[in-house]
Amino acid sequence: MQLRLGDLVDSLGGELHGDRQAAVDGLAPLETAGPGQLSFLSNPRYQPQLAASRAGCVIVGPAMREPALARGAAIVADDPYLYFARATRWWKARSAPVDAGPHIHPSAVVDPGAEVDPTARIGPLCVVERGARIGAGTVLKSRVTVSEGCSIGARCLLHPGVVIGADGFGFAPHQGAWEKIEQLGAVRIGDDVEIGANTCIDRGALADTVIEDGVKLDNLIQVGHNVRIGRHTAIAGNAGIAGSATIGAHCTIGGSAGILGHLTIADHVHVSSFSLVTRSISKPGHYTGIFPLDDNASWEKNAASLKQLHVLRERVRALEKNR
Amino acid sequence: MQLRLGDLVDSLGGELHGDRQAAVDGLAPLETAGPGQLSFLSNPRYQPQLAASRAGCVIVGPAMREPALARGAAIVADDPYLYFARATRWWKARSAPVDAGPHIHPSAVVDPGAEVDPTARIGPLCVVERGARIGAGTVLKSRVTVSEGCSIGARCLLHPGVVIGADGFGFAPHQGAWEKIEQLGAVRIGDDVEIGANTCIDRGALADTVIEDGVKLDNLIQVGHNVRIGRHTAIAGNAGIAGSATIGAHCTIGGSAGILGHLTIADHVHVSSFSLVTRSISKPGHYTGIFPLDDNASWEKNAASLKQLHVLRERVRALEKNR
Amino acid sequence: MQLRLGDLVDSLGGELHGDRQAAVDGLAPLETAGPGQLSFLSNPRYQPQLAASRAGCVIVGPAMREPALARGAAIVADDPYLYFARATRWWKARSAPVDAGPHIHPSAVVDPGAEVDPTARIGPLCVVERGARIGAGTVLKSRVTVSEGCSIGARCLLHPGVVIGADGFGFAPHQGAWEKIEQLGAVRIGDDVEIGANTCIDRGALADTVIEDGVKLDNLIQVGHNVRIGRHTAIAGNAGIAGSATIGAHCTIGGSAGILGHLTIADHVHVSSFSLVTRSISKPGHYTGIFPLDDNASWEKNAASLKQLHVLRERVRALEKNR
């Protein structure tokens, strides 16, 4: 399939330097793009790749106009990464075969008491239980479960294996065993939310677990009962959010990070990968707690010293006193 | 739906202070409960919320009797959290629509050579393979796989996406490649076990992987081959238990924690979230290994110092000698 | 079922000391094997178990020949662990009932535009989308999704719940929200790859995510878009590989370990469990970054000191100056 650069800028704007009739047959990274492909440069760090690229056309920001034009056709856009994002959507809308299948795949198990918007798509082998609601334009790819009474807003995308509304992990200890606390709440998911493969969002114990508009969750994330995740927060793969944590809006949480239960995280907080949040965070900022990687032998020595760190501190104090 | 307080205490015991005929239409947390709702206070830390709560009735312990009665109706119970747990079950049993569907959902794939107790429920799109056994009253929610020869006891609850009995991760190295070790064991799960969404328990290499009675596993947990988890141990989400680890009874393992292979953990051991157990633990207690969270700039300085910690210790030693 | 030791060594080689006609009815670990069972000893650490074992026959290396013969029948092989691996396959091939079902289970949803080799097996409730290719002898156990355009080589084994080709996690920020970057690449998986239960491998943004021949992935692993994993690398459960990371050949990555995005890891690198790789690694070796486990009280003191480590270092420097 081929699309013309002129049609692209007519749709998305941007300043085309080059032949409007030139056709591209795909998008590709700078280093592998050929003369028939469109590429982009957003991170100035990769500028050296620009001159060497064989791409037919390159999307760049205003600062890269000169070097880009020096090598050939270019589209100059204020935010080249955003432009690239839109170009991928423009491309997909035109190149992907129209999905002409039924809106609810015949292999899906949708309870008659569920409410599925006629414009939503329920993929193969999904389960939508009684009382669940699926909003307009929302897509459940294959093998997604939306449990009883849970609601998904409009224009959401749930990837394969997602489980919405399994029971939260709630038990009362009694004579050495655990007695189940029935999880009577549900999950409420806003609009424009994307949820990665095999991610799980548990139903609330009494009140609901809430995912606000525009949240993006990667794969294999665990979201406990009664969590609230604020608007436009993005969370990377393997992260775990314990029960009743409240995460603000516009946060980013790195991969395999964790947030303990019953904490509150302010808006605009950024947590590094592999870091565990053990207390509430009231100030926007970037927070980290990662054991630095080292060759194993050095790590062993430092880890052994770490177990004596408190004692070392006392020894320094003693030295200071006796100075 | 409405239920009467008098009926609740007739079923569960407890000392009702208030009108036996008063009806409640749900359970709710203290801060959001309205006059038609039942709430509870178990953690004394939340006592300030008690006076302010608009709940129609509150479950409290004996120590909270006075402040509870000062605000209105109350049920006094020895263990208010346990009472609350039982109230959720009492509520669900009376309010949830009776599940009148078939015991094996027609979309489930159950091998004729599997043995499913007639009182068990196999949900939509589950797979139960040849030789698997599912005990009395056990429920497999949607999209659960129980592989060949694995057995699940009575009254268990397996949430969507659970995989019981995939092959353990076993390979012998040979000339730079890996040769598969067929996993000839199975998984044996006791009674009253709950397993969270998308959690995986691998089959044993030769002997079986064993989950004893009353174990509670949260979502997205990996349990390797030949692991044994003792009675009434509870493990939180994203945790990983490597092959041939033996975990005692009555342990709690925090979220995203890990246990290396071939270790033995005593009964009544509590491992914090995000902590890795690298050696056997023979003494009950609470164990932790978490890098403390900090603002990123402070973390960077401390992490850099940490890579020199062993050297710092030597420097302190030198200072002490020269004192 | 019973198999004769003579037939085993005729198939797999090795030096049998004992009766060729002796039959075994299974394989078992040294400590539980009975007179009718075959066992093995590869790790010399377990030698004390050898003398005590009641196994009918034991596979050992040349160094263990004497103690093994002292107790009874034995097979001496150069690499007893490899021999054991092959014995498990020999056993399974002869003892497991022949799988006579259809090659594509009737409950699987396979797009007419997918290409499935006639010798591949697609298990119950799998989804194979348009343009996907499944190679010769490859097995998809139950509930596996292979998304549009993704290809799986020959002799691969994908365990239940695996998701191949969900969208990579790619968004461009715009006015406080996230705009989706369509993921236009696919996933290409080589030959002889095994992928554990509920593991996810995302499709590339522009180019493909690539898993080379002989890679072994455990359960619940997240592999981000545009990752490349080199030949015969093995990765343990719960690990997370962020987007565009390149991992060399013959590496091992421990459980719950992580690799940040856009890094390059050389061949023959071994990363410990729970360790995060935050920079490229160009030298083969063993790398670790784990906070050492301690009893909680000691951990608290050391963790508090750790947050002052940089200051402590300055204090030591001051002491050294004033010496």
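For the reader, a short list of remarks on this structure follows.
Labels A, B and C are assigned to the chains in the order they are written; within every chain, residues are numbered from 1.
The rule we apply is simple: a contact is a pair of C-beta atoms (placed from the backbone, for glycine too) under 8 Å apart; a residue touches a chain by one contact, two chains touch by 3 or more.
This structure is a prediction, so every number in the text was calculated from the model and none was measured.
When the CA atoms of chain B are superposed on chain C, the rotation angle comes to 120 degrees (nearest 5). Shared numbers divided by all numbers used gives the overlap of an interface; between chain A and chain C this overlap falls below half, so the copies present different residues.
Centroids built from CA atoms put chain C at 26 Å from chain A. Each of the following residues of chain A touches two or more other chains: 107, 125, 143, 161, 198, 220, 238, 256, 290-292, 294, 304, 306, 308-309, 312, 316, 319. Only residues 107, 109, 125, 127, 129-130, 143, 145, 147, 161, 163, 166-167, 169-174, 176-184, 198, 200, 202, 205-207, 220, 222, 224, 238, 240, 242, 256, 258, 260, 272, 275-279, 285-292, 294, 298, 301-302, 304-306, 308-309, 312, 315-316, 319, 322 of chain A touch chain B when the two sit together in their complex.
Considering their complex, residues 26-29, 32, 79, 81-82, 84-86, 88-89, 91-92, 97, 105, 107, 123-125, 141-143, 157, 159-161, 192, 194, 196-198, 214, 216, 218-220, 232, 234, 236-238, 250, 255-256, 273-274, 290-296, 299-300, 303-304, 306-310, 312-313, 316, 319-320, 323 of chain C touch chain B.
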